[in-house]
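Just dropping this structure here.
Per-chain residue numbering starts at 1, and chain names A, B, C, D, E and F are given in the order in which the chains are listed.
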Amino acid sequence: MKLITAIIKPGKFDEVKSALRAAGVKGMTVSEVSGVGRQGGHVEVYRGAEYPIDLISKVKIEILAENRDVDSVINTIVKVASTGSIGDGKVWATPVDSVVRVRTGEKGEAAI
Amino acid sequence: MDEVVLSAGDTAWVLASSALVLLMTPGLAFFYGGMVRAKSALNMMMMSIITIGVVSILWVIYGFKIAFGYEADSPWYGSLSTSGLGDAVSELANNGGVYPIPLLAFAAFQLMFAIITPALISGAIADRAKFFSWAIFVALWVTVVYFPVAHWVFAFGNKVGDTVTGAGYLASLGVQDFAGGTAVHINAGAAGLALAIVLGKRIGWQKSPMRPHSLPLVLLGASLLWFGWFGFNAGSALGASGIAALAFVNTQVATAGAVIGWITTERLRDGHPTTLGAASGAVAGLVAITPACAFVAPWAAAVIGLVAGIGCALAVGLKYKLGYDDSLDVVGVHLVGGIIGSLAIGFFGTSKILGLDGLFYGGGTELLGKQSIGVALVMGYSFVVTLIIGFLIEQTIGFRVKSESELTGVDQAEHAESAYELAGVLKGGR
Amino acid sequence: MDEVVLSAGDTAWVLASSALVLLMTPGLAFFYGGMVRAKSALNMMMMSIITIGVVSILWVIYGFKIAFGYEADSPWYGSLSTSGLGDAVSELANNGGVYPIPLLAFAAFQLMFAIITPALISGAIADRAKFFSWAIFVALWVTVVYFPVAHWVFAFGNKVGDTVTGAGYLASLGVQDFAGGTAVHINAGAAGLALAIVLGKRIGWQKSPMRPHSLPLVLLGASLLWFGWFGFNAGSALGASGIAALAFVNTQVATAGAVIGWITTERLRDGHPTTLGAASGAVAGLVAITPACAFVAPWAAAVIGLVAGIGCALAVGLKYKLGYDDSLDVVGVHLVGGIIGSLAIGFFGTSKILGLDGLFYGGGTELLGKQSIGVALVMGYSFVVTLIIGFLIEQTIGFRVKSESELTGVDQAEHAESAYELAGVLKGGR
Amino acid sequence: MDEVVLSAGDTAWVLASSALVLLMTPGLAFFYGGMVRAKSALNMMMMSIITIGVVSILWVIYGFKIAFGYEADSPWYGSLSTSGLGDAVSELANNGGVYPIPLLAFAAFQLMFAIITPALISGAIADRAKFFSWAIFVALWVTVVYFPVAHWVFAFGNKVGDTVTGAGYLASLGVQDFAGGTAVHINAGAAGLALAIVLGKRIGWQKSPMRPHSLPLVLLGASLLWFGWFGFNAGSALGASGIAALAFVNTQVATAGAVIGWITTERLRDGHPTTLGAASGAVAGLVAITPACAFVAPWAAAVIGLVAGIGCALAVGLKYKLGYDDSLDVVGVHLVGGIIGSLAIGFFGTSKILGLDGLFYGGGTELLGKQSIGVALVMGYSFVVTLIIGFLIEQTIGFRVKSESELTGVDQAEHAESAYELAGVLKGGR
Amino acid sequence: MKLITAIIKPGKFDEVKSALRAAGVKGMTVSEVSGVGRQGGHVEVYRGAEYPIDLISKVKIEILAENRDVDSVINTIVKVASTGSIGDGKVWATPVDSVVRVRTGEKGEAAI
Amino acid sequence: MKLITAIIKPGKFDEVKSALRAAGVKGMTVSEVSGVGRQGGHVEVYRGAEYPIDLISKVKIEILAENRDVDSVINTIVKVASTGSIGDGKVWATPVDSVVRVRTGEKGEAAI
């Protein structure tokens, strides 16, 4: 069992969600985050005072996946979320020791 | 003829009404601003604000004279001269008769109409217009569309004895429009349709969700519109009279009817009566009663409101069928509502009130015929001329923002600002 | 008798006041809407909006006549007939004497009172009422409670020479209520208590936190209420007179006193003066001065405000002791504030102003006694009849939403909408 | 001399104007409240609300008499006695002549000016003031600064035949200030500078970002200010006259000019026209036209507005150069705008309107000289006395919150509240 | 040392927090997230246009726990957060290499 | 490759961000969270009803770092974010199996 975490551009979220569902991913957990990276920010001006805004809005997707699905999930995300311009984001996978479904108490594969 | 002296009471009501009508434009800004996504809320509101700026200045320079001058004795425009309002402190208003209110009070009141009309159009091009191009559009549009059309409809000319000079075309024809069904709403609605065509559909239209970002803001806008509209309609009596009171009651009752009409339609069609529907219904009712408010009885006002509420609730779906992105339904609410109200006079107008009988009071179809002419003329003129102005701007300085700016949000691109910073920690995290 | 001719000045003030009082109901919507959680903010506001819709229509059909008709010559109700307001363009208002304002202006002004009174009640049943049932409730309640009670209090009848016909019971008794302490606030407060009992406590009451979701919205609502209340109180003079000016000054001063009274109470009891307290104090002061505003001197208005601010700040705690979930304190603010103000006339009323002396001016307890009758009668009638209507609705179509809907939020269940979508990315993430 | 009888029309306008001016203070609360960070929005707004409370009460006790009494026959203050407003129901207003409006209407109208002036100051000390200390400051400041200064500027004394007693110093000198450029705006601006110095810079000033947390709220505030300002300026005619209409038109036109002036400056200097700029421009224009609104022609009003828009847009940068943290630019907008407007009368004033010619109409520099005296006297007095009051409070009960409270947010520390709870789940997560 | 992550229904958060505290958990980090899964969403309608809302509001809790406490923490969450209806959420555990308390620089067990 | 997660006080975020950048960290992902711990909350009062607010606003920073940089990144955060008062937060590191840059598909070290 792995946890796949993807940071992507907000505008790509709907597409990625659909693609993942089409690829058989049944669930995911999503949140709004801000990213710092190579991608530059923008400047806002209020009454002449400049505010450099270097945090950029991103969407974070977390997906629990069985080991055999990890690569295909990552590939799907990379393929759909990529625009080729700086700031497209990262995807990474981390090991998971155990998973439980709260509703039923089912564990492991059965829980996702 | 007795000399007319200033009536402080009438003046008080017209000044109060002018302030009320001014408030409608920020009200519109909130109504529209709440309906778009957070990333373009500021631009939406700024289109209304700059309209106040541009039109007020032009009004003083030449707008008032194009609309209400009679020196050129033309049915199509007033005088082409500077307004010279500065010297008018002790002059009384003169428009088909002398009113016991200062000319400047009349000028202030009518200015507010000239402001809100172009502001209404902005709803058709939400999320995608260049701010500077919009400001230019407003200046051109009021000059060649609103000021002349206001003359056609609202200028009753200079009456000396029985001779009237310089009355507007529709006014002399006997087309009835108490507070602006044709000059304001049909005019803005047709222009909105034209601009929606010029600018084209938003990226992701009918695909991405474009939910209102703040319904409380929408409701605030609708409330200020409602409140201000008492000045718009009852103020159009140009005095604190029984007619003003009738217009006031009718405004209230029609709006109530339209709220009920719209949300009942929603309940039946979509399953739920919504807040956006109630706010939209209120505006539809206000629009529809505008031309008719002093010509019909309160029961008829309720019916007109009900019909407008149902009619506009159905009409806002048209754009999906016909394929134009009139983003905030300027056509569905203002054009359709304006037509309903203007024609309604032909049915419900009663001689008990103003000496005119509509179809339902046995007056035949004459009035209805005249009303149709008014509707058609204003709609056609506004649509064609707006299309031309719009294309001119699009071809020269460009009217639509870059698609990249549209995606990020037009607020950042055009104004370098964000509407909200509620988190307070991750500044600009969005 | 001289013929009474229309006064444009008085009419201007009554029309402006009517618009101001209309604005109070959206103001109330924001005041209440900001106080609930985000998930039921829309429903809270919609209860006010639909009240405007329903009551306006009923008013034109029969409401005005039940309240202000005198043809039936009954102290308990006006005439049971259609309002026939449409023909009244040139009639002057007639209510214990002929006022130089159009009958329609009077009808418009009084309509706004008939709207806000039931809207006030909605605060007692926040977060849990079915929208459709609420609309039905409003229609029934104004018909059997508000319209008759307005007749008791506000209808001074038709005066011909010295004979008055069709005056309301409390009006003829000499119970004083300048702008609606009994008819509006005690009436709504008692009804609120009844409905809170009918609908029961919210799930998680006193356990889950139920913090106001937007205090700026609360403050906006309180501000619009304050602004509109000048129309409510000073407009009740039905003319632009010295009495109107006195009512105006007293409204301002009492409200100021109540703000100070409420937040001082908070400072001493809870440690901090709060924004919600200031807004609540303002409303409490406005409520309390309503019946008394034209009968007392400004210094007395300040005292009444102070007492109301302190009294209501303490009274809102009652519900926790007595165990009814009057969610937004309709009882603590409107019932208690209304009683304080109505009785205050018995203490502070002064003959220097209106020919009536209260206890503190040596007038004895007679006035106080009459005031108590007014308070008791309206409170008792409203409570009992509301209880009956409420139970009837609960037993038939149901008044309370399913507990599941209450947990998810009544906005989604009843209106299929969310108040805010600020993130713009994760649509509906909440 | 004919007996003066009450004019219902003039009274209606003054009452409506009083309500409009009251609304300006909540408007200011939103304008300021939106501009600060979410964590101190409530405190910002509460400073305005408590000002309404404190000043209203003091006005009734003694304020009105210090400002407008003439019994002491002093150019520096009115009478030092209780106001006794309670008996004034049938008295007409008397201020350099008898006005046909109730004295109480005049008192109500002027009260609203006494409220908003100290409220304006609060913008200079955003995010860091103790609430209780602010309330004490307001009480002291109106007593020793506003009430006397209002006497200097606005009190035209008691005129019997040709003898005038008890007129204010600047009023008798012939310094012109129609609606409060000196008494209100320069006065508040200079006081704001003094308080900004007393309280010192906010922690992190010019380092941490301090973005407006809600521009829609800022725009709402600016809109209510604009709307209410028609009462402020046109109401200052104390009647519904041609002068009121002129003041109305000029108010609109100048504001429009200033919106354009400010955002054009931004476009050229910073690259983008902003919403905050448009709102700020509107307020700058309103400020600048205030003293001049009844003395100049509409074209001149447009020019004054344009100059104020540009001038204030540049002036708000001064604080960064000079190093004082006038947080919301009370100096840059009110002091600078007030000076521009007051001096503008010396240039644009025209005898066609009020019998006074400025420099541009060949009237020489006499008027300009008088205006300069008015500006200098009010500015100097207000600055020095405010500095003294401010230091007194700082040394005794303390004026600034603990730095810890400032970091967490003054709302939590002073009011134990949070402005927003939109998430609804993680209560107080912020 | 493990990191336990739980996705639960917002309405259950207060109860879970209390139960965890009662069970001796001293700290946790909480955020608002949106979930996609078996649980259906709802539909919103604006001027006749339908918006299917398939993201559902959830609360995410992260708890650093010593190995010996992991099972009991997970069991507590599952027990309290379960309503038996779809959408109750998941709980999973992932390995942690090291932990530091910022205030003191303490490491490992002492840090939590 | 490790994922470093830091929970810190919001007021320290700007400083930490600058320090990390100065230390060569090229990217990070940031979100707003609420913390429960030793640090007490505060009480809010609305119309006399008391609401104890025990969730405290925190900022969460996530940084993907190569193994050799982990200690220095953690040390930087601990040094800069520490105020010495309760509630300064925690920093922890967890193992990462793989990382991909969405824009280019680059993997591992090259991806961050």
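Methods note: a contact is a pair of C-beta atoms (placed from the backbone, for glycine too) under 8 Å apart; a residue touches a chain by one contact, two chains touch by 3 or more.
All of these numbers come straight from a predicted model, not from anything done at the bench.
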Selected pair, greater C-beta contact count between A-E and B-C: B-C
Chain copies touching (chain C, chain D) - same or different residues, decided at half shared: different
Centre distance in Å when chain C and chain F are each reduced to the mean of their C-alpha atoms: 52
Inter-centroid spacing, chain E versus chain C (mean Cα positions, whole Å): 46
Distance from the mean Cα position of chain F to that of chain E, given in whole angstrom: 18
Residues of chain E touching at least two other chains: 30-34, 44-46, 51, 55, 57, 94-95
Two or more partner chains touched - positions in chain B: 7-10, 12-13, 16, 209, 211-212, 214, 220, 240, 270-272, 274, 276, 416-418, 420, 422-423, 425-427, 429-430
Chain D to chain B touching residues, read off their complex: 7-10, 12-13, 16, 20, 37-39, 209, 211-216, 219-220, 223, 226-227, 230-231, 234, 239-246, 248-249, 252-253, 255-257, 259-260, 263, 267, 270-276, 278-279, 282, 297-300, 302, 350, 352-353, 409, 420, 422, 430
Residues of chain B that touch chain A when the two form their complex: 208, 407, 412, 416-418, 426-430
Of chain C, residues touching chain B in the complex: 6-13, 15-16, 18-19, 22-23, 26-27, 29-30, 33, 41-42, 45-46, 49-50, 52-57, 60-61, 83, 85-87, 89-91, 101-105, 107-108, 111, 131-132, 214, 217, 220, 240, 414-425, 427
Chain A residues touching chain B - in the complex, by the definition given at the top: 11, 14, 32-34, 41-46, 51, 53-55, 57
Footprint of chain D on chain A - complex, ascending: 44-51
